[in-house]
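The structure follows.
Note that the chains take the letters A, B and C in the order they are written out, and that residue 1 is the start of every chain.
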Amino acid sequence: MLLFLILLPFSGGLLAFVLPKNSLRKILLIGVASIHLAAVLGLWSGGMPDNGSGPVFLGLDVLGKLILTVISILFAAVSVYLWGYLKNERACNRIFTGCLLLLLSSMTLVSVSAHMGLLWVALEATTLMSAPLISFERSPQNTEAAWKYVLICSVGIALALLGTIMLAISSGNFKTVFLNDLLNHASVLTPSWLKLSVIFLLVGYGTKMGLAPMHTWKPDAYAQSPAPIGGLLSGALTACPILAILRVVQICNRADLSSFIEPILMVMGVLSLGVAAVFILRQKDFSRMLAYSSVENMGIIALGLGLGQAAYWPSMFHLINNALTKGFMFMLAGNLYQHYRSRDMGQIQGVYAQNALMGVLLVLGFMSLTAIPPSGTFFSEIMILSAAVQSKHYLIAAMFIVFLSVIFIGMAKGALQMFHHGPASKQESSPMVHPVSSMAPILVLGAIILALGLHVPVFLENVLRSTQTSLGGR
Amino acid sequence: MLPIFSHILFVLALSPLLLGVIGKTKAFFAGRWGPPLLQPWYDIAKLFRKGVVYSTTTSWVFKLTPVVVMATALASCIFVPWGSIAPPVYFWGDALLFIYLYGLMRFFLIIGALDTGSSFEGMGASREAAFSCLSEIVLFMDFILLVMVSKSLVLCNMLNTGFFSSWLSMGPVLVLVAVSFFLVMLVENSRIPIDDPNTHLELTMIHEVMVLDHSGYDLGLILWGSYIKLFVLGSVLVSLFVPAHLSPLTGVTFFLCGMGVLGITIGVVESVMARLRLNRVPHLLIGAFVLATLGFIVILLKGA
Amino acid sequence: MWLDISLIVIILSGIVLLGSSRIGTIIQLFAFQSLVLSSIPLQVDRAGLNWHVLTIAFGTLIVKVFVMPNFLFWAIRHVRLRREAPTILGYGKTMLLGGILVGMAFYISSKLTLPDRYFSRLFIPAAFSIFAIGLLLLVSRVKAITQVIGYLVMENGIFLFSMLLLDKTPFLIEMGILLDIFVAVLVMSIVINNITEDYEDTNTLNLTTLRD
């Protein structure tokens, strides 16, 4: 079954390279995405996954399953959205579709790999497969963004490879990086090598996640890629390195090194929040603002993981909400860009007056981004804050509040302007209409976000609690 | 006395030959037949048949310089073994004397150049002084490494004793010493890529410009002295690779073959490389220094 | 002894890389370093020659010594100015810094204890040194092509590290890593090719249109 999930998009990707027509490739994309989604949702009906205990390459625990589901939902939404989006793009989409499907394949591989080396291979593959997506609209700016993305992420990931090898060295005579072996023998890992390896792994995968100060590729890459791809990158692709970091946390908790990894994660998280706050405040470009918001949310997740077990499941909940919101917002932004032909928030004005539905959706997305209740992010952020207070990290809690307020002000300035200010002369602008394929995924994602904000289903709550157990909390 | 004389005669006779080998190699790479192997000898013989001209501004320092150059070059050669033939003179600490003899030679070359009062020669002297500051550090560093490997401050012991076994344990260090010493040797003797001994282009000359005012047998002495310097420094490098405890005949044969290989190597380097810009020369020396330091770290790690 | 000398030659080529400015030379030096590197698996192999070790050695040889340099030469085929632009730091200081990093690598490795036997005391210091030299090359140079070489030199350091695990690493993973790096260089070459078409140079200081 797991093999099927990987090979389906993989063969789909290869097929996309040989199919002759753009329209056939779009059908292929949606077909593969929906089968993938159906198969992933089908996994949940089989009861709680069995971790197994021996050295296996592929295995699906609850963490991987959760992240795989997020990836699959977001990918399906984006692939439907691309149906209408690609109609406006004249260029041949052979490489684009092929790489997109290979990206899904490698993201799936990340979430089902139970071997740290395989995880690394899959993560590096995600970087390489997403680079052509960024430079899809071949302009000098795209080239620049793709270059920064590939180089910075590859170097970061190279650090993580070094960390992985050190992890293997730390395991002594086992010399293994099978996750099960590592977790079962966590107590015999050599501490000095393990610490060194944890530092390299955190910096390496943190780069891929976009934690400050390794975030510099992020605004460029997200803003230059086509808007839905930005959503896929900031929602689904960031979940992959987060999974890698979750594995590191898992190992550290088992090896009694949680006091070593937690301060590092907290510092990285707060730093990301601070950097995001500074850059959001004077941001003009909508996509870049969303990118910095992504830096912020990665920071929140890292901070949550660093605060210990009380904040584990809020972090996971935040991850889900953030991924859905980012996909939602970027697709919404895509619609706005196609109408206004600009990404400048000064140019995009009077959305509500033009199209009431878009205006309402914009406000919904904005609420979820800045964690205004009723949104799931409000819930998770307040839980993380309370965990910080309870564990007596008052300074961290204070900085958390300050940075979030600054970010709120920065985003409110831009988003409300877009919502409210009317265009100078109404008759000049054409009416804002979007095809069904460009609205349906946004509406579906919006509904999920709203539902999660109002009520967390018992099923999801159980899953989140079991992630906490799996991460090593009690 | 006899061993000393034979040693000196040996080096007097063979040192121009090394230049001949270099010249032949370069000619081969340029696709020419080139000057005969004994051409450096003919040059020296020609210069010694000529009279000297002294500028009226020069003093006794200028006249003393060629003599000092020749004397220090010959004095330095008696500390160096030729293959398995031990040097006629050796004592504890002669390695330091060896280095400072070259310091003395350089000092006299520089003040001799300054004595002419020509700004042109002064420029060459300043370059020589600047680069030798850097190259001397590397030379010392290399000698320190050799001292640490051999645990002796006697030059012939540093170069020869038990080195076949040293290569087994200290191979990496000796590779580093050999490479950085080779670079220093090129700098000290003003070979390409530091300085082109064949040109008289004022922009990049170092050594040639300093001896521009010397003529006749004075110039012959200086040229011969610099041949000997190249030969002696080269023989230090070659001695690192000569196994110890060979019979005298095989040892000397091994040594001479090594010198031949060295001459060819220098010729190849000079043929394939262009001269560096003057401001890049320090980079080369810094590189050599880093290599020597690396060797130092390796020794510390190996706990020798 | 030969292992030690190979390791030193690898470090040496790294330091020479730090001091070179011609892009052609830099690529060839990288190929030379990889050539020496590809012999390491054969030297540390204890189980006798088997297909596993041979495949790794030959895979590295083909990919890093022949294929990658050719890609990189392909990427800069239209570039007339094949010299590294002047850097902020300068070559002399970069090399000195490289020497300091190598020293630190030796110092750090002397503090680490390996859980079990290993081949040479120079092994871990050499791996760290090459890694650090690659990183330094990456951050101190401005041409895109040199930055890629810096990345690859880093990768060589990691390769050296992974030799400690030669007998235990699954073959599949090793091939996956090699394939990933191969594709990375392919993608980077294509991007560099695009950069040279857009800017007629591979100087990354030109890439300044995107900023906050």
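As a working rule, a contact is a pair of C-beta atoms (placed from the backbone, for glycine too) under 8 Å apart; a residue touches a chain by one contact, two chains touch by 3 or more.
Being a predicted model, the structure only gives us computed values, none of them experimental.
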Which chain would you call central, comparing Cα centres to the global Cα centre? C
Name the chain whose C-alpha centroid is farthest from the C-alpha centroid of chain A. B
Which chains, taken as a pair, are joined by the highest number of C-beta contacts? A-C
Separation of chain B from chain C, taking each centre as the mean of its C-alpha atoms, in whole Å: 35
With centres defined as the mean C-alpha position, give me the chain A-chain C separation in Å. 31
Please tell me the distance, in whole Å, between the geometric centres of chain A and chain B computed from their C-alpha atoms. 64
Hey, which residues of chain A end up touching chain C in the complex? 57, 115, 117-118, 120-121, 124-125, 127-128, 131-132, 135, 138, 140-141, 143-148, 150-151, 154-155, 158, 161-162, 165-166, 168-170, 172-176, 190, 192-193, 196, 219-220, 223-224, 279, 282-283, 288
Contacts from chain C onto chain A in the complex sit at residues 111-116, 131, 135, 138, 144, 147-148, 151, 154-155, 157-158, 161-162, 164-165, 167-170, 172-173, 176-177, 179-180, 183-184, 187-188, 191-192, 194-195, 198-199, 204, 207, 209-210, 212
For the chain B and chain C complex, residues of the former touching the latter: 167-169, 171-172, 175-176, 179, 280, 282-284, 286-287, 289-291, 293-294, 297-298, 300-302
Please give the residue numbers of chain C that touch chain B in the complex, ascending. 1-2, 4-5, 7-9, 11-12, 15-16, 19, 91-92, 95-96, 98-99, 102-103, 106, 110, 121-122, 125
